[in-house]
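Look for chain A in each of the two complexes below; its partner is chain B in the first and chain C in the second.
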Partner chain A sequence: MAQTWDAIIVGGGHNGLVCAAYLAKAGRKVLVLERRHVLGGAAVSEEVHPGFTFSVCSYVVSLLRPWIIRDLQLSRFGLELIPLECSFLPLPDGRSLARWDDAERTRREIAGFSQRDSEVYPEFGQAMAQMARVVKPLIDAPAPKPGSLHPRDLAELLKLGKHIGGVSAEHRLLLSKMMTMSAADFLDEWFESDVLKAPMSVSGIIGTFQGVRSPGTAYVLLHHYMGEIDGAFRSWGFSKGGTGQISNAIAAAARHYGAEIRTEAAIDHVMVSGGRATGVVLEDGTELRAKTVVSSVDPNRTFLKMVGKQHLPDDFVTQIGRYKLRGSSGKVNLAVDRLPSFSSRPGLGGHLRGDIAICPSVEYLERAYDQAKYGEFSSRPYLNVVVPSVVDPSVAPPGQHVISCFVQYAPYNLKTGPESWPEHREAFGDAVVDTLAEYVPDLKESILHRQVLTPWDLEQEFGLTEGNIFHGELSLEQLAFQRPAPGWAHYKTPLNALWMCGSGTHPGGGIMGACGALAARAMLTGRHV
Partner chain B sequence: MSTSGSANVVVIGGGHNGLVCATLLARAGRQVTLLERRGFLGGLAAGEEFHPGFRSAGVHLDTAFFRPALAAELDLEHHGLRWREREAAVYAPDLAGGDPVVLYPDDVEATAGGLQTHSDSDGSAYRSWCSDVGRLGGFLRGVLDAPPPDVDSRTLGALWELGKKGLALRRLGQRDMAELLRVGPMCVADWLNERFATDRLKVLLAVSAITSAWTGPWSAGTALPLLVAQATRSRSVQGGPAALVDALTAAARAAGVTLRTDCEVQRLLIEDGVVKGVRLQDGEELEAGHVASSCDPKQLLLDLVSPRDLPPVLVRRGLAWRNRGTTAVVHLALDGPLHFTGCEKAVPDGLVERAILGTDIDSLERAFDPVKYGELPDRPCLEVSVPSVSSQGIAPMAPKGQHVVTIQAHFVPYGLAGGWNEDRRQELRECVLKTLACYAPDAPGRVLAAQVLTPYDLEQRYRLSGGHLQHGEHTLDQFLHLRPNPECARYATPLKGLWMCGSGSHPGGGVTGMPGALGARSML
Partner chain C sequence: MPLPSPFHQRTSELCTSLLWKEWAGYYAVCSYGMSHEPEYHAVRQSAGMLDVSPLYKFDVIGPDATEFLAFVSARNVGKLKLGQVGYGCWCDEHGKVLDDGTVTRWGEQAYRVTSADPSYAWFSRHSRGFDVQVKDVSSDVAALALQGPRARQILEDVCDGGDVGDLRFFYGTHSKIAGVRVDVTRTGYTGDLGYELWMPAQEALKVWDAVMEAGKPHAMLPLGLDALDVCRVEAGFILLGVDYFSARRCMTDVQKSTPYELGLGWTVHTKRGPFLGRDALRREKSTGSVWALVGLVVDWDELEGLYNSFGLPPQLSSHAWRTAVPVYDQGSQVGQATSGGWSPILKKNLALASVHAAHAVPGKRLQIEVTVEFQRRKVSATVTETPFFNPDRKRA
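Here is the complex of A and B:
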């Protein structure tokens, strides 16, 4: 009989690795199994073209919880974050807006478009930062349990009530509006100029199959004010060496604490016997036994593919079947032989040391969404572009660059079916390059290599069901105590000894690590592992 | 200055909510004067002659949401109100001429039975959906028919009320509570797609979620309006809104309310934050200790109260209030009945009273898309009513054999790019008739006269800001204690003596009578 583990973690993405590191640190015998040849899941760096390292999927980081960085001493294991300096919005008419770390500089830039908005902007930032402070405890703790009459849960709920009750009435109103309004409507209350409203509202739709005018998209604005790097509030950053370095650092920490990690170990299914998970069977037939199995892959894949309906209550299967994963975004990575030069701000400049938004107006974004609703990719999509090689020369040969374009909308469910994506892949890549070339005139000549990832590719390559980068939409009914299903938001599953620790659990997607850490904590405190 | 005595309370607006509020106040012994700008009472529920011999039944045709308990409290049956024996069936005709999908609002079994011909599973799916919604409905009615929770107060009474709401929610049981919290913020398309297969059944149900909304069926938060509509629907009034208005008017008179029509309020008289009365357009001033306004919040806060009398926070709230009208109303005088293709078998006498024209959920979403850009849809979703069918023999609305058709067209933007003018109005008329003709080919040829009310016309005619029929969008952030804003949500306002009692207050628009009733109760 083979070795027995305390816990087998399915999936070597950042959450799986964080969970493994915490369990190993607590002295448990842990094995992480990753299907691909590299670790990191969607937080991965790969040399896709000789000499060019791409952050293939996820490309910026802000929400990685500082307490996890401290607990796991990630800096010691190679984590190095470089803050973004700027948010840049080029416009088709040759004008542009850059928002900088420097408040006065930003004010002057905005005043070029609207004096009024330039005055409101800092006020808005303050209000958002305060809101973020209200919401932040929610992402650092397990989801509340409304309806539970257990004294401990009631006490938690009361504490939460007190916390929110302690906020001023005006801020409480702002918070309820944020939780329910559309990002565009919400920003309409503050600003008049599209150059602010368009790039700010997009944070509400990232990874979601909604438009900026869809209710419920405003709260994601907060995410942008919740990020912190080295304690500095409201910063986004690159990871030196690409986002994969984050995963590598966490993996190094996990190994340091004694976890074993195997790559190219694809799991066929979870073994179930006597009503409990007892281990996993690999695709090559190897059986690995463990006291607990922890899945960091998305709920759909975990329950409907790896476990199987027959081992789960019908109700739960229905709930998981209703869980919405509709992927809506793709990724285009370019290796280029020169610095991308924007016609609105030619040459090298601070504006390239941050993120660049291609979304000239709210209407532009909404039209991109309308097209996607009926099963087409947007012919003029929203792009979030970064050129990490400007701040981190290690990712490209000297003088050459990598350009990463996050693209929305690319609906998983194409009119012609998701499996028809490969036929549309190059047309999709062309739409992205054409769009960007409107702002960077010599882009097309400079391309050495183009990597196009459609939602279908994200599913096939990275195991993200329907290509959803957050393991499920971050819509109100799929958050907190309802993620991934009402009653099952605390990492435990209806199958004994099977746990969840991926982005499909509270507090959700993005490189936070909180899902993995909170899951580990839940298992350890309950002595389930 | 002329003073017409010192009426205790002035109620602004003679729509159904104003009438309910005035009557309840008068019954409690207050001296009440109700002021209506137009020449007759009823507001959006008032019937009017729009072509010689043809009367419309008003803009808000559905009376099934008027609360029976309130009708009983007001003794409306003594004042001539009769409930319908059978609710009108709602048809979704087939574009290709096949069988219609039929919804019988008061008969789950008949509806489920009919659905069998369209889908094997939808009959039972409809039964179980109705029973699920029914369980949640009890809790929702409790929430909707009481003043909104006072979330900011720390008094024992407020906490007790809040606690009771929490307990009522808890009493639903874990499962139903979870379902309510799950469905509430969802989009109606997802919810209906989870439950049903028949496209036109989904259209019939989804339409109540998008009426007067600035959201399409794929927008989050649209499941809640459907849930609310299902939970609060009961019996309709025989004779429609006009008959309801007649009964309400009689009740108001009997209670001693002074009803004054052709009285347009110019502004409120306010001294040091205290309401002293109102000034009419003709210069007359009426003194009052209390003023209850049933007009929409934007109009009240931004037009009727001078900015120097209003706390700045309320000016801000008034400006932030979202009331972008998206529904146009078209009244048609028809030289004969309205025949929908394919409905002959289902409706033996050929007289369809209500129909909803749309092929599937996406057709509703496509009708919504252009609104965002201030454009007209190619094919709007039409809610068609033929009120003259049920009024035959009671109070005829049209000459014998002829009919009145009222169409609510979704989505038609108030803020049309380039603005509304006669050409654009004609364009809308053609667009509506063309869409109608797809389902009822001979209808356009039978039109004797058409009255087209764009959202802009509705604003002018009914003095309705934004042309919004609900006085403000029904979205989660304009719901409960946020309707119309935290300062005014419990009917009182920061101005002493000024109250709200219209659709802009909880529980919102539609002919429910509840904002008027809850407003009056708060005042008492």
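Here is the complex of A and C:
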């Protein structure tokens, strides 16, 4: 008789692996299937140029849940996180701002631009930390179920209501502003200087097809303060060996607990029989059977490509069809033969041991968005640059470096069509290098290898529909109980024995691992697996 | 007033934070920058270089050197092979620990001993009747600890001879750096891959400069004591004067500890000829110890809940602490946690504690005192074996 598993996990990204590890730890027989030759999905390290390891897609760890690190003993399996020490903003006029975890030093730096802002900055941080405390229970627990009359759901809602009710009126007002305002408008209420507003507002638009003046983008600012309070302490950081090492550590944990993981096992479709998922069929025709199928790939790919509309209710198909993916970012990775030296702060320094933002003003960001709105990539895009080799020498030969540039905007839907991206790939890469070279004069001579990933490449190579790095925009209407569709925010799907555990579920994208862990918990507590 | 160490000229230039403390009469850097965290991560990801010159160092030389050291140490130092380093402690006649340190066998009749406390008089006192010379070389020998996953590669780049790359865990070799004769031992206090370099004090700066230069492409940082303190808690290493007290300085017996009570039982060899404290240690081995040193992992959810009940997010220092707090088992005090801290790599809140031996059961839940908003509370902590963090590379 053919082998069967308790659960087959579709996709070996970090969430699929976390889910597999928890299920295996609970004694379930688990099989993870990954299409590519390496694990990690978008949290992947690859030696793209000899001696240089790129965090090909995702490049910093944001909110990897500390309880997952403890539960799965990830440090024992090779996970080592290095916090970012600084946020550096070089300006075209030769000035620059570096924000450190040394409050006094940061105050002096900001005072060079605005004394008022320098003193407001810690007040803002304090307010954000309070807000983050309010929001935190949302990301560590399944989404609330408004409308449900089940006593357990009501109790959960009550608990949440009590939690929010305990917040002061002043902070509730602040929270409602964050839920409705644009990041830039919200920051306008606090700060006068662009050197703060530009790099801070940008966190509201990462991975979305919106501008810093689009309403609703203020909320994401909170994510930057979440790490301060969740027991990970300064959880924004590099992973030693690149972000793929996170996936490798989770995979090692999953294997340790008994999960089986196969790479180069591309799934053609999910088998459905008698109204339930019964397994998967690989592209080579192999049939693998399981009591449960758990998809960690995005909702669009899961339901519309792997399952098929015919097996799903019409209204659900409509909702998934409306789910916004529309990728807006790309990635340029450079292998360079020397340390990148910024004209505003030459040589090695702490400013390179964190993230570097190329976004001199709010207007710059809006202009970059303008082009994207009309189907072009930004000729002067926002860049989020990191040089992980400065703190993690394992990713480049001694004395040489890797530069990772997250690039926004690069709209999936070019006006010439997404399939025309390959023709524009090098021009896009040039725009990024040209932009950065305005701040790092000898950048071009130093490049040994350049890897350019457009949203099209993210879709074709990494399976991210429309190149969306979060499996769907992290806009408010697609979060919590509406992710990925109203009524289906608890990892369960309308098809029996099919579950979701990817970033397209609550609490969403980023290397958090919470989706995978909460999905596993939901399946295990409900004895669905 | 403390003295400058042989590296002071360099360390004082780099220590822009001006955060210093006194260590064995010398100025020692707490952290070079305002935060010690980059230095901590350098040790765990690349490499850190620490001035450990303030350690006490003794040369023990003579035909009876082996017998002498075997007599004063709880460890059977006589078994050390040429070039091998042994970690251990020495006790008084009652088997109470006086100090801990390393013994390196550099020659058939030549050893180097390191210790945390001045020990010359004690060694001399017990050397009567042995054909041995004890020389305090503390101020003649400068020392650096080079710790972290890149340490081996940096040494391979900078060392001239001695096959440093092949050096096994707790072995030593002779090499040259920048023309200076340097003794290299694969030892340290971080629980990571690491080495210690021993050199003539007057030529120390040459070595410092060469290693700093070689460390640059490997993202090495100079390391201060604050980061070291976090590393040593993760490694479960005890510290004299913090986690235990030298019997020499104790006012009462209760304040004293035996090697078994400090988790150093593995360094004690009782099945051999006479050595200081042998009879007491043999007795303890058969009847059992009163105390035990354990690791504690504080329950994070409970701690977070406690802070939450005050309307606060958890507030933990990124520094290791060393002010003892009581440890309880269901209301009654069963010991004290003597040092601890947040482990950035494990995402766990750790402590080292001395508890009544009956409670030293891995997995057992005890309670540790936590002060929130000036109020003393208790939070669960699970007894855990140490080291908390023990990467393969340490021994590989």
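The criterion applied here is as follows: the second predicted complex is superposed on the first by the 521 of 529 C-alpha atoms of A that agree within 3 Å, B and C clash if a C-alpha of one lies under 4 Å from a C-alpha of the other, contacts with A are read in each partner's own complex, and residues count from 1 in each chain.
The working rule: a contact is a pair of C-beta atoms (placed from the backbone, for glycine too) under 8 Å apart; a residue touches a chain by one contact, two chains touch by 3 or more.
It should be emphasised that the depicted structure is a prediction, and the values quoted were computed from it without experimental measurement.
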{"item": "Clash-or-fit label for the pair chain B, chain C on chain A", "value": "fit"}
{"item": "Which superposed partner A:A129 touches (first chain B, second chain C, both, neither)", "value": "second"}
{"item": "First, second, both or neither for A:P215, with chain B first and chain C second", "value": "first"}
{"item": "Contacts of A:P66 with chain B and chain C, given as first, second, both or neither", "value": "second"}
{"item": "Partner chain in contact with A:L476 - chain B first, chain C second, else both or neither", "value": "first"}
{"item": "Touching partner for A:G526 - first (chain B), second (chain C), both, neither", "value": "neither"}
{"item": "Contacts of A:P486 with chain B and chain C, given as first, second, both or neither", "value": "first"}
{"item": "First, second, both or neither for A:E80, with chain B first and chain C second", "value": "second"}
{"item": "Touched partner set for A:D101, first chain B, second chain C, both or neither", "value": "second"}
{"item": "Vertex chain A; arms to chain B and chain C (CA centroids, nearest 10 degrees)", "value": "130"}
{"item": "After superposition on chain A, the shortest CA separation from chain B to chain C (Å)", "value": "19"}
{"item": "Shared contact residues on chain A - chain B and chain C", "value": "none"}
{"item": "Interface residues, chain C side, partner chain A - complex", "value": "33-35, 37-38, 41-42, 44-46, 149-150, 216-219, 300-301, 304, 311, 313-314, 316, 318, 342, 344-348, 389"}
{"item": "Sites on chain A touched by chain C in the complex", "value": "66-67, 69-70, 75, 80-83, 85, 101-102, 105, 129, 133, 166, 228-229, 231-234, 240, 350, 353, 389-394, 398-399"}
{"item": "Contact footprint of chain A on chain B as seen in their complex", "value": "151-152, 169-170, 174, 177-179, 181-186, 190, 194, 215, 218-221, 320, 322, 362, 365-366, 369, 372-373, 475-477, 482, 486"}
{"item": "In the complex with chain B, residue positions of chain A that touch it", "value": "146-147, 149, 169, 172-173, 176-177, 179-182, 185, 189, 210, 213-217, 322, 324, 363, 366-367, 370, 373-374, 475-477, 482, 486-487"}
